[in-house]
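Okay, here's the structure, questions in a sec.
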Amino acid sequence: MDRFQVRTDLALEARESFGEDHVEIRGVSIHEDYDKERDIRVTRVHIETENGAKAMGKPVGEYLTLEAPGLSEEDEDYHREVSEVLAQYIQELMGEGEQSVLVVGLGNRDVTPDALGPQVVNNLMITRHIIREYGVRAFGKEQMNQVSAIVPGVMAQTGMETFEIVKGIVEETHPDWVIAIDALAARSSKRLNRTIQLCDAGINPGSGVGNHRNGLTRENLGVPILAIGVPTVVDAATIIYDATGDRSRIAPNLNGMFVTPKNVDEMIKRLSYTISEAINIALDAGW
Amino acid sequence: MDRFQVRTDLALEARESFGEDHVEIRGVSIHEDYDKERDIRVTRVHIETENGAKAMGKPVGEYLTLEAPGLSEEDEDYHREVSEVLAQYIQELMGEGEQSVLVVGLGNRDVTPDALGPQVVNNLMITRHIIREYGVRAFGKEQMNQVSAIVPGVMAQTGMETFEIVKGIVEETHPDWVIAIDALAARSSKRLNRTIQLCDAGINPGSGVGNHRNGLTRENLGVPILAIGVPTVVDAATIIYDATGDRSRIAPNLNGMFVTPKNVDEMIKRLSYTISEAINIALDAGW
Amino acid sequence: MDRFQVRTDLALEARESFGEDHVEIRGVSIHEDYDKERDIRVTRVHIETENGAKAMGKPVGEYLTLEAPGLSEEDEDYHREVSEVLAQYIQELMGEGEQSVLVVGLGNRDVTPDALGPQVVNNLMITRHIIREYGVRAFGKEQMNQVSAIVPGVMAQTGMETFEIVKGIVEETHPDWVIAIDALAARSSKRLNRTIQLCDAGINPGSGVGNHRNGLTRENLGVPILAIGVPTVVDAATIIYDATGDRSRIAPNLNGMFVTPKNVDEMIKRLSYTISEAINIALDAGW
Amino acid sequence: MDRFQVRTDLALEARESFGEDHVEIRGVSIHEDYDKERDIRVTRVHIETENGAKAMGKPVGEYLTLEAPGLSEEDEDYHREVSEVLAQYIQELMGEGEQSVLVVGLGNRDVTPDALGPQVVNNLMITRHIIREYGVRAFGKEQMNQVSAIVPGVMAQTGMETFEIVKGIVEETHPDWVIAIDALAARSSKRLNRTIQLCDAGINPGSGVGNHRNGLTRENLGVPILAIGVPTVVDAATIIYDATGDRSRIAPNLNGMFVTPKNVDEMIKRLSYTISEAINIALDAGW
């Protein structure tokens, strides 16, 4: 069987493409936890070496995936629980100590399945300007993180690479951390809108392909970065390939087409709220 | 090969599913015109008998399809030409004489690929209230159509069938014609956002399946109805079936998923403008 | 002092324009309650006779006004309390017994201070179609109200009077009650976005002036109507008049201008949610 | 008469507050042109000295105001003419030679009267990324300006000063010019949505008051800046003061209230299109 490069932004799915779970890939470790009560599966894929990175088609780093089928339902209580679980993992990856954090909402706010990042930023508790003007005591606290945020837009809207915009703002405002939120492409439609990936390896806005000079990475930005992503689309070509195993069956007019649930507007709205709540919980402290 | 019921709202595609063009179906006539200069293909499928209707899975009536590949491009001049061609067909189907027309924008304005109808209504020239208050001379004319419009919403938003809302308004305001605009499902992704179907057989909002008691038809409404539709999605199951010819390959999680181009927001905006311009041109007269 | 006709949709303010509270107007009774704990003042103005109606410039009926200064703040808990208080008054005015209710969201969804009605409808729990298909047992209940809703749009969008649309739908779907939501004009900017008026005298969409043939009233619709309104604007002319007592000071270019807080978008969003929650609470029962 | 500090962002109105036109202010020159055919009045206020700046309450620079009453009407042809006139003044102020230009859309896209800047950016022809990838020949030209754009958001959304964001992006992408678009406050409601001010003195986002350390000025940014503004609101306090000449008449609850026309959503949409067209025309060349 030919190995057509199916597109996925999930390390979990890149791992699965090697087939059975017990196949070992050198330089990649994998660990799975299942929270039965809440039906949340957490998979950690650790890409440890450049060899592992090459095999996986993803940069070295820790990739943490929450699969929570209930996320695609309209259940406020369940979403709140996921926010709390997610907040714990965000805190684990970012470490302790009072910090200033710049949240970057990637994607195009006018294209529904791509609007996750901009919508997350809409619901964030923004504190940097208040703390700088009045101190953390304005919030009745002893210590507290400073949160700032930007929705940079996509290249067709700005004429600039996202990297240029974020780099400029980072150099001017000196955050300790960047959190970047983006909508992802999955390989399997069963993961749409119910899977959240956290990773510390950075992110390539609008790509997956091409050069990586301008990725939002710790190396390029000079500060650590936590990327949070949710798969909201599957490439139409991918579902054909997965059903047939034959790339010649993919009609050319499927290029640029994607698969998404009919109620994607509503799902993006709910998911973005769940993620912004998780960030609010995680950052509302001087841990 | 099993005959899986692929979903299409286009009579043209229902016709194609019988295979080669020269297969004749009793009670269905077909005629094609091609405007080479503008690259617009117009196909008339006339379902003449109940037998033909059963074979096609569509009610008796005239179905007129414009295929204009340029519609998916951002070319204002081309869109204006299509508006003019479309206006002629609207006038042909509606006949002559000063009339009052109720335009109904079907679909859910909050779900992008379903928002075609509501967006068409946004751009219409609404005249009924002005003519009733000040006469057609307010527009400096001798005779003129009265245009009114409603966006009824979908059942999940209203708790009512679209038919109940439209029927109530028709009985209260007595239009001579109803024009209903709706987003459709196609079988082939190559027809998305570049095909416009006109038909005089009425329309079943939000269905295609189930009972037809409450369709928007001349019989049910008591006035003639012209339905204008554009395919904006393909069912995900359909593209798998078309690539494999095997319904067992359709993963259950593809239910409720659809295929659409990434820039669907922009396309719906452009197409809705093109259609509303066509209606404005067609109705701006006492023809 | 000349009696310039300042515009207000609040019976409370029409009453105040007579000056001191102890002036009695024949045919108008007034009663005030103050809930100190929640800082909610409820004033009942009962216009009992046609004489009273003429004096007040409002039709005969019961007008109940909640003034809750906290409504203009972003305090979720307080808004929930107001929803509960409001729900009680809705139940009081509508009486007991299982009912079917049509909620009408008046106003223009594209003009922010006028979008209150459409936004309230967005958040309603719509049940009519489910109950009619599956019975109230679908909700695990013994009895339950049927809720349907419509956003008719304004005359410039539809070419029809709101009355025609609502009347048609009422005649087709036979609700027991109509609830109409609308944005109002106040006389005093201190009442903006913190006052809710309930009344059983019907409502004149888009007017306040002119003939009342086509008001949404019990007499015209054939079913009782509860109108819920919130003042979201003050006419610019009114604030000048109130500051000067002199209508000659009102510059002509102030016509069509209104006064509103800068964060009106956010306020309308919050208030519409508070009102839809109140309706959801009030109707989620077979009282 | 006491000199209450009425708020205006228009140099033209600051000048008028000195009363009769023939009063001379040292360090301020004024010149007026009237294009009778198109009914466009252009006033140039040149603040030449620090003394003049102090008297006017505005920094040293050239302020050019177009007053075009027709702008508040829905007349596409007239708007196109204003775009062309405006384009000439933009070119005059920016000078000749191929350039790279960063357009900054100031204001809050979710608050209608403040959304002018973000909406202007939506309609711009963005070219920088294409020219950098494929050269100007991609457009079939010999020389051409590079256009990039950003919508930074307001401080409550970002936690950062607009200056920090723009400064960072300027330092990273090195444009030759910045054009900043903002909604302004006028003193007189007769100027709303029909006046456009161009100035080369920079702009203080979200202020008018307080320190000017962080203004978007040539001095602070290191590149020349052209500010384009349209008054979309009048402070409610101002219209009371202007009608009464007495600041004690301004009710405290008018704080934070503004006066705006009812159809402000529609006006902002039209005006933003007119301005983006002007910028597109002005920059579509290597003049």
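Residue numbering begins at 1 within each chain, and the chains themselves are lettered A, B, C and D in the order written.
By definition in this document, a residue touches a chain if its C-beta (ideal position, glycine included) is under 8 Å from a C-beta of that chain, and two chains touch if they have at least 3 such contacts.
Keep in mind the model is a prediction, meaning the values are calculated, not measured.
By the document's definition of touch, common neighbours of subunit B and subunit D comprise A, C.
For the pair subunit A and subunit D, the distance between C-alpha centroids works out to 38 Å.
Measuring from the averaged C-alpha position of subunit A to that of subunit B gives a distance of 39 Å.
Residue positions of subunit B touching 2 or more other chains: none. Chains touching one another, given as pairs, are A-B, A-D, B-C, C-D. Residues 121-122, 126-130, 146-153, 155-161, 164-165, 167-173 of subunit C are the ones that touch subunit B when the two sit in their complex. Subunit D makes touch with subunit C in their complex at residues 110-114, 188-190, 192, 233, 236, 239-240, 243-244, 249-251, 253-254, 256-266.
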